[in-house]
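Labels A, B, C and D are assigned to the chains in the order they are written; within every chain, residues are numbered from 1.
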Amino acid sequence: MTKIKASIIGGSGYAGGELIRLLLFHPKVEIQQVTSRRYLNEPIGLVHPNLRGLSQLTFTSIDKLQPADVIFIALPNGNSMAIFSKVKPLARKIIDLGADFRLNQANLWQTWYRQEHQRPDLLTKFVYGLPEVNRQAIRQADWLACGGCEAMVSILTLYPVIKQGLIETDDIIIDAKMSSSQVGSQPSWSSHHPERSGVVRSYKPTGHRHTAEIEEQLSVFSHRQVKVSVSATSLDMVRGILVTIHTKPKRTLTDKDVWQAYRQVYSKEPFIRIIKQSRGLYRYPEPKILQGSNYCDIGFELDKHNNRLVLIGAIDNLMKGTAGTAVQSLNIMFGFDETLGLKFPGLHPV
Amino acid sequence: MTKIKASIIGGSGYAGGELIRLLLFHPKVEIQQVTSRRYLNEPIGLVHPNLRGLSQLTFTSIDKLQPADVIFIALPNGNSMAIFSKVKPLARKIIDLGADFRLNQANLWQTWYRQEHQRPDLLTKFVYGLPEVNRQAIRQADWLACGGCEAMVSILTLYPVIKQGLIETDDIIIDAKMSSSQVGSQPSWSSHHPERSGVVRSYKPTGHRHTAEIEEQLSVFSHRQVKVSVSATSLDMVRGILVTIHTKPKRTLTDKDVWQAYRQVYSKEPFIRIIKQSRGLYRYPEPKILQGSNYCDIGFELDKHNNRLVLIGAIDNLMKGTAGTAVQSLNIMFGFDETLGLKFPGLHPV
Amino acid sequence: MTKIKASIIGGSGYAGGELIRLLLFHPKVEIQQVTSRRYLNEPIGLVHPNLRGLSQLTFTSIDKLQPADVIFIALPNGNSMAIFSKVKPLARKIIDLGADFRLNQANLWQTWYRQEHQRPDLLTKFVYGLPEVNRQAIRQADWLACGGCEAMVSILTLYPVIKQGLIETDDIIIDAKMSSSQVGSQPSWSSHHPERSGVVRSYKPTGHRHTAEIEEQLSVFSHRQVKVSVSATSLDMVRGILVTIHTKPKRTLTDKDVWQAYRQVYSKEPFIRIIKQSRGLYRYPEPKILQGSNYCDIGFELDKHNNRLVLIGAIDNLMKGTAGTAVQSLNIMFGFDETLGLKFPGLHPV
Amino acid sequence: MTKIKASIIGGSGYAGGELIRLLLFHPKVEIQQVTSRRYLNEPIGLVHPNLRGLSQLTFTSIDKLQPADVIFIALPNGNSMAIFSKVKPLARKIIDLGADFRLNQANLWQTWYRQEHQRPDLLTKFVYGLPEVNRQAIRQADWLACGGCEAMVSILTLYPVIKQGLIETDDIIIDAKMSSSQVGSQPSWSSHHPERSGVVRSYKPTGHRHTAEIEEQLSVFSHRQVKVSVSATSLDMVRGILVTIHTKPKRTLTDKDVWQAYRQVYSKEPFIRIIKQSRGLYRYPEPKILQGSNYCDIGFELDKHNNRLVLIGAIDNLMKGTAGTAVQSLNIMFGFDETLGLKFPGLHPV
């Protein structure tokens, strides 16, 4: 069986490392090249110690990239647009894991990312890479912009209840609990262990960048004008996101109404589980048991006291939130079984 | 200088242990007796290892309690009301750290605690023990019911902005991040380390018991009908609470408006700090640096995008949330300097 | 392709859960039955939340066990010997994950486990299940006793340097750093999160039970009388063991001597990596990146100052330390590729 | 009552911050100036958030230092010797918290710190600041070199059993479990939270710098030639050290022999506790309950199986390991009660 050839630009970061791990075990993909400026010519195991002994790959320069079937770009925000014209001729399919092409509107990008967009012409040519809401477009896409981790778990959690018209779309509060791998592999004062350990740090009580992406996508998909308020709090964990989403029902809802909304939209999704148990310890979604898995677990609870609907979503930010969704999208783009290379279920206890 | 004599009923739990620690170093209090059924006759250091070498106290039986100037009750919910008639003759001042006498209305208690209240006659005779909002009443109180930890930090964070009429009082969402010491010292499946470590566990997405207390107190103090929705998530930390409170301003607010509301109410409070910095790592309240301290740190951020006001409050649940406030109240009740025995500022880094 | 049928006795514990996870994804094994007394008739996902949605299995009673190709026993120490005669007729191959049949000498067992051995007649009929030192015997074994997690990582780390005669065998100090999943799934005061979190707890400074197993196995394999002193310290982690082994070289050694000893013995082992790097963060074995993997990583450092050789070994106690080695042994016993179902490499960062 | 004036050079690091905290609450000391190059003119609360609201101090320049009664130097290794001639005229008492003057022999310093010593002439003029073994000299000292954290807990744990001749002094293995605050406040790749969290990292399996200091001090104090092998492993904790020390008894020892050795030497020490309990969870020293306290807790266990004596010592590295011992020494140097400002007992649970 011939394998497709994939290369990764920016392979020394956390998203890049996760991509390498997934593709090394993917039965239909062969990694051709992985680039890194900082670790040029070093073995990948130097920065991704879990991969030691599994591959002879060393990091190469972006200038030495050869044509491939697909190229992943896993660079800090603002870099993809700068190198895009260089990468474009090398592969028919390009999957960008950064933020550069996630939004459709250049002015929105500039507002939230505080820099001018260098390639506004490309914005509408990239397909937003979230299979559960956009599978058809992904299938035909050449250029894909994977969503932001916090945005994707929020969109996945909200999409069915908005689509089915269960909640008010102008009063949505997303209280996101975040992990340290989301900031990337660059050390800083705020990531210094004695300062970062044990925190419950309100690093973005208002104005989180992913707001734009969530609103844009949910409005497109649901044909409604959606407004969300995102508050982000960093916890002492390396992987995982949990979003607690506070919403206002349009009418009096029952558990059954909400179950139906999710089932209608997600019943055939391989990576969505609705978690709402009356017994056991893991009655709602829990990011710790999703580490390494591609699941997005979703739960909910109705608050009769105040007529609220609380939604809960959890993912591994480096899997379903980044590299996992990227590989899932690759599977769709190349007509593979959508779950190839993504079956690891997560550990317990952990 | 003569010291007052204090006894503690239920001294082997976490609240009891913290009380013992504080009173051992309190210059005007002498601990007379500490009771525990389970650890009868054992040295206190067996269960409170931080106190080894500091005291010769052993646990005694509640049946051997002698008259004292003040008696603290630190028992699981439902126990204080059962023993109150026995304790009442022994001390003029009684400070209850449990939930039994926190609410004024017996029917509310029964709704939220799911058992009948045995002493509804006493409910209005207990003063709610939160000095910042109730100092005058505490000064004259004989019987005090300390608030719940999650309730007190929420009340302290909300009180000034409600009092000054800045926010809508029927649309308040409290997203509480909780720690493991709040459930007490009794092991269970859910507290088993492999299951509890690393969690971001939505243990009470709706319907948290403290809702009743928060609503009752804020309505009394502010002369407004207040409704709150509490969502509680347990984190992998032993001490501390952070509440992220999502509120809707009544009108367009500026930072200055909010600062003023807090300053007006709290400018002379020894244990309240308003934390809102534009630089540094600890720009908002952070529970980890409050461990052992009696501070309630409060911060806020206005969300112009959606006209929201996000409030942030942090405490050590065993200090300001329980034993610290109890000692602060004792200081008020006996006319001592309010900060006596409560000056430890917390550690950094930690 | 026909699959072999496997059943698991004691499937609700942590070792049992890990076995189920591995076998659910094993291409040549079908899980037939899983027993649990406590969770009879419950779905396996109630206690193993990572497996929700992956299987329709429910726990059954040991009394309803049907014949299978292989039966795993994952019960607390002392239980396997009690039920062995009942299990024996049901499968030709039996793999015990408990301690009952690990030692060859009944008196040793009684000394270290403080109870009489009920089936001393079976002790020499069980093969010790550590493929790297015992592969040939495993291939022909019907009954297998998997080693203890702490014992196996110690044996694997010491075996080559003892075999090659590099160190004194009567002066070996094993300083083991342990995790909370090793004590099993039963809650207790010592596993209560507020007490267990953040500990560096010397729970067994001397006299760890695995001493017997390490000494017995190393003496058998190396044809030398080996004596070890095990000190065990519990850390705030759920999975993983690191052993720091302090040894005394018989003669002046170079790095090359030690490398050679390991290479000679382990060069073809699929699950052993020698980790000794001069650069990077993960210069020595590190349990955190082994979570979910079947690797045993081994490193070393010579201390010229005092003529010491420090060896370092790391595993995931539930994988290479329990269920992973059990499945590796199953692969050997049934003639499968030894790495089947065991290829997950671990995560980074995590 | 007049207070002495103290200044701190290097007040923005972790040791400096802890010193400030202790001195702010010390009844006989007033902080005069605190220097920091990086945070010049900033309020101390910017880097030490636990001190916000407690002091109006801002960081000043070392060039503006005024005469004081005592000056603390809390600078990275190699800096004290460079500035000493500048500091010397400003205060009669100088307490250095760095490594520059801890050793008596310049060649040893150069061997272990890999740089030439700039002021070998001063080495024997500094007194080693460990009150329990050196109180008399400290009382008369003008210049004090506080010991290293890992060295001091090792020395305190070993000193009595060596002094009483219980163990062989050429076969001592110190297996040290370390925390992240020991590396200081400078971020790096190795302190980056995703890499540092969850580690059991053998960062110095052999050749730890404190070896020299431990050997030199123990040899001086005990009049024996002592050799130690230090292995250091970093854990996921911010504060605290635990040393597990593996020693060889000279003769068959009983528990009583060891108890007596410790009692004889430490019975009147205010900050040493011998912890060896047969019941409870905290049967041996445990660093987590020492956070913020000045105790050094010491325990032991005899290994009859192999005739070993395992010693266990625990401290808070920033307290007894640095700032706490510095303040204890100041109390001795100025004739104050030795426990002034050092009475905080630590928290539980935490």
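Convention: a contact is a pair of C-beta atoms (placed from the backbone, for glycine too) under 8 Å apart; a residue touches a chain by one contact, two chains touch by 3 or more.
Quick caveat: nothing in here was measured; it's all calculated off a predicted structure.
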Both-way neighbours, i.e. chains that touch chain C and touch chain B: A, D
Common touching chains of chain D and chain C: A, B
Farthest-lying chain, centroid of Cα atoms versus that of chain A: D
Separation of mean Cα positions, chain C and chain A [Å, integer]: 36
Mean-CA-position distance for chain D and chain A (Å): 46
Rounded Å distance between chain A and chain B, as computed from the means of their C-alpha atoms: 39
Of all residues in chain D, the ones touching two or more other chains: 14, 181, 185, 189, 194, 197-198, 236-238, 281, 286, 349-350
Residues of chain C defined as touching chain B within the complex: 14, 180-181, 185-189, 191-194, 196-198, 236-238
Of all residues in chain C, those that touch chain A in their complex: 14, 17, 21, 24-25, 46-54, 181, 185, 238-239, 273, 275, 277, 279-282, 286, 289, 291-293, 343-350
List of chain C residues in touch with chain D within their complex: 173, 175, 177, 189-190, 194-195, 197-202, 205-207, 211, 227-229, 231, 233, 235-237, 240, 242, 244, 246, 281, 283-288, 299-306, 308, 310, 312, 314, 349-350
